[in-house]
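Just passing along the structure, written as structure tokens.
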Amino acid sequence: MILELQGISKRFGGLVALKDISLNLDEGQILGLIGPNGAGKTTLLNVISGSLRPDNGYIRYQGKEISKLSSDRRCQKGISRTFQISRPFSKMTVLENVMVAAIFGDRSQKQEPPRDRALSALRFVQFSIDENTLAENLNTVQLKRLDLARALASNPSLLLLDEIAAGLTPLELADLVGVIRHTRERGVTIIVVEHLMRMILRLCDKIVVLHYGEKIAEGTPEEICQDKRVADAYLGENYLL
Amino acid sequence: MSTGGSHRWVVLSPLSLFLLAVLSVLPLWVQDEYLLQLLISSLLLGSQAMAFDFTAGFINVINFGFSAFVGAGAYTSALLVLHWGISPWLGPLGGAVASAALGFFSGVLTLRLQGIYAAVMTWFVGLTLLSLTASLSGLTRGYRGLNVPLFLETAARRPYFYIIFGVTFLTFVSLRWTGSSRVGLAFRAIGQNLESARASGVNPTKYRVINFTLSCAFAGLLGGFYAHFLGILTPDVMHSRQTVEVLALAYIGGRGSLWGGLVAAFIFVPLFEYLKPLMELRLVIYGVLLILVMIWCPGGLAAIYTQLKQQVRWPFMQR
Amino acid sequence: MLGPTALWDLFVTGIFRGGMYALMAVGLSLVFGVMNIPHFAHGEFYMLGAYTAYFAFAVFHFPAFMAILSAASMGLLAGVLVEKLVFYPLRRRHPEEWVLNTFLVTVGLSFVMQNAALAVWGGQYRGITQYWQGAIQLGSGMHISLDRAISFIVAIFCIAVLWWFLDFTRTGKAIRAVAQDETGALLVGIDLDQIHTITFGLSSLMAAIAGASLLSLNPAYPSVGLAPLYKSWYVVVLVGLGNMAGAIPGGFLVGLLETFSYYAFGSGWQDVISLSILILILLLKPAGLFGNRGISLSKA
Amino acid sequence: MLKAGPLLTVTQLESGYNHLQILWDVSLKVLKGEMVALLGRNGAGKTTTLRTIAGLLKPKAGQIDFMDHRIDGLPAHEISRMRISFVPENLHLFPAMSVMENLLLGAYGIRDPGRTKGSLAFVCDTFPALARRRKQLAGSLSGGERRMLALGRGLMSQPELLLVDEPSLGLAPKMATTVFDTLSKLKLAGLTILLVEQNVHTTLQISDRSYVLEQGRIVMEGRSKELMKDDHVCKTYLGSGDD
């Protein structure tokens, strides 16, 4: 088991963003996290990546408690994430953006120089633009790829993807699914937050449904599609197979 | 072909080497003591602007108490020489250490603060240092001023030029080298986007403190040289006015470029001296320039240079 | 130690001092709360007010109140001009990193105004002995000059009028709306540019009034605005940037603190003490003593 | 009703944020008295369309006409004064002001106190809950009440056209029903509404016509009743399983 969440809760003032969430993730799995807007999906990712501290509960990663670690330490330990809205280092080149993660995010003493690792991460996500372009000149689709390359450059064991497919054309989407599958084949465990049911159902081994901060269902794609509560709360009554 | 980007492992470009070389032989022709004095002033202010830019342009925190750190270095060096009889050649090193310690402390103070709050914090730290220096009149003689031993017994300016030139060169090369190293990459990352920097494994606390310490160390070093060059110190060296002058040079030169501030100093310090009838308007022009740069050309001279380079170079390269 | 009379005298001095700080700080807060500008040139409008009042009163022999009024108009005019010439184009061209950039711009502005004053009027002090003759006696036997008392009343009056304006007029409400939610303000049809100009004008007007009404105590000279600037920044950082309601008690608090620490530690050291207190507060409560209720920091 | 032309015409609109374009070639019409819905997934460009019409975003290309005026590129406050009200998804209320002050600011563009009074009476009538809480600060209201207040504030300027973004978002189902009822009533009262809503089912039921946006382009339009039977819409938005 690579990741284990136990009783995670998070409040923002009066708003309960996460309520007693527990879940387990085995190595090499792809977990899909779905739920309506405001269900707490991104909050959960933030808690796992360390940008937010939970009010209650603990997070165990590779058998060790990591609740108290800062997000940069977690990144060095192999938890990488992408952002829903890409936040590049806009005055740096594409290559430099990725190199930051290759240098500081990967503490395994590798022989390969960071520059090469950064370049291979860019190649891996099929980044097609000149790597010396400044990040501020990229469009959304390119920024999302850059973000993914950055996350991969720190050589993660656990990768958190936050709505990485939003706004992609079907063709780009197919490419992306390919990249994610490849990543998994390299032994990376992945959590995907996504609205596109089609993609989630195709990609994931396991799905967790959040609804107003609560986990209302967990299971294989087939189980989720047949779950009455999920149908009521999220998919709508007509989603039943 | 260069690999592009600003992540160069070669610290000095041929152009900057050429300009520095020209600068180093300039005093052989320039006999006029007054002109030499101007060159020295430009060097001193320009290197301060570089040290300032090392924080403002890289980690995006405005050290609004900058001159207080310069002053702290100057006073430390002067007092070390006066009271403990240390050679003026070593005093500035003591100044650098003292300012570095203060910088480390300020770096820690501003850790939790972003943007304007961090600037205000450094401003208050600077004001505290200023009023402390003025109040400790037993030690510093307050506003009556402190007489500081000079480096040399001579009144000639040329030796001083080479001393200050050496310090500027050292400042430029060290800051430039650090800025283009991995550490510099971390600085720029936390300056541009803290959240992404963290997500890439950069520890913002560590690098912010390192940056502050380094920048202030150079501020202190420069302060020390300033003290033994000028021969007299008053708490006014720590005034916000001085910070603003350095800040204006750094921003007019182009934030994040380091060399921009130095170039700006060489343009504006002599220019304003030359326009002596306009002396009273000197600072007005500084202010107006700063405002105009902020509104119309936030990248400063460095951005203009980059644009020119692109426009000029393309025809050559597409031969 | 301190007898009750001396204590009372100190207290009154502190309160009188604090009234002016409150007036300056409210203007600073207004500009930050509505426009998100950390205003470093606020003191220069104080300076402008002082000079205007000096020329009006001592050179053109206007009556005292007219002198203060002309300073107010000059402050308003200068504020409007600066907003239109500087902040308006900046907002159009570079809305990103607004807070830090406007800070730098106001730093430049302060340089320009201060040194322009130096170039035009020279460095000498231009003061008046008094606007009004006489003094009033407070219960303890302490005398306070009429000027000081009236300047205090002017400060309180200005703050009250501003409050009334923000609370009850259509434009005032629009100003508060912009401070709370810029997009919301746009959506109900509020012209942001207009509100920004009015806001900056008002804040400059208040600083000019402060400079004018204190003229007999602090003569006009180019850098006379520096001390009021420090003090008003001190207040707004203490209570939280942009917290306008907090700036009033904050002003009095700082006035009292200063008077008492001056008494206790003597001149020079009180700056060190009060700045250290402030650094401590900024460190422990970055949002200020009272937080930043009632304003939007969304763009910060 | 006398005019044959549409109230709002959007022609080949392109829009987005800075470097990223979100809308490509969006054209739509809203006739007077109609309730028109914009459907589509998250990120399809629905909100961007509304924000561009409301003037919060500058269009990169295309044209927007409203009641014989060309309004594209006008600043938001001017568009608001031309009687287009936008009720955004995140409301943008003035949290430190009372309900009453929020409402009165909604009529900022109307300088006639008589008319303001009229709007106020109408809004209080439509949302009795707001009338009861008129002294309370907007920031202290519950989610549903805030939504009501935003709608109420939007109505205060007596708009010709109401743009509503996700009015049921984050609301309890019961409250959402109330909101939809209110919108239907407003429509019956003669108000023209352009609606963006995730709850496709209800939206298709209460609206007259709908446009479907996908990846920043209009891919389908038609009468809502017919769209409800359409294969693509059923599969993608009403969901009958994986397509």
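Residue numbering begins at 1 within each chain, and the chains themselves are lettered A, B, C and D in the order written.
To be clear about the criterion, a residue touches a chain if its C-beta (ideal position, glycine included) is under 8 Å from a C-beta of that chain, and two chains touch if they have at least 3 such contacts.
If you're wondering where the values come from, they're calculated on a predicted model, not measured in any experiment.
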- Item | Common touching chains of chain D and chain C | none
- Message: Just to be sure I understand: going only through chains that touch, what's the smallest number of steps from chain A to chain D?
- Response: 1
- Message: Of the chain pairs B-C and A-B, which one is connected by the greater count of C-beta contacts?
- Response: B-C
- Note on the structure: Taking each chain's centre as the mean of its CA atoms, chain B sits from chain C at a distance in Å of 32
- Task: State, to the nearest whole Å, the distance from the C-alpha centre of chain A to the C-alpha centre of chain C.
- Result: 49
- In whole angstrom, the CA-centroid distance of chain B from chain D equals 54
- Whole-Å distance, C-alpha centre of chain A to that of chain B, is 42
- Note on the structure: Residues of chain A that touch two or more other chains sit at none
- Residue numbers in chain D touching 2 or more other chains? none
- Note: chain C residues in touch with at least two other chains are none
- Task: Throw together a list of every chain pair that touches.
- Result: A-B, A-D, B-C, C-D
- Task: Using the touch rule from the top, collect the residues of chain D that touch chain A in their complex.
- Result: 19-22, 41-43, 169-170, 198, 201, 215-216, 234, 238-243
- Item | Of all residues in chain A, those that touch chain D in their complex | 36-38, 136-140, 143, 163, 166-169, 195-198, 201, 225, 235-236, 238-241
- Task: Please name which positions on chain C make contact with chain B in the complex.
- Result: 38, 86, 89-90, 93-94, 99-101, 103-105, 107-116, 118-119, 230, 233, 237, 241, 268-269, 271-272, 275-276, 278-279, 282-283, 286, 300
- Query: For chain B, which residues count as touching chain C in their complex?
  - Reply: 60, 62, 109, 112-113, 115-117, 119-121, 124-125, 127-128, 131-132, 134-135, 244, 247-248, 251, 280-284, 286-291, 294-296, 298
- chain D partner contacts - residues on chain C that touch it in the complex: 170, 173-174, 176-177, 180-181, 183-192, 293-294
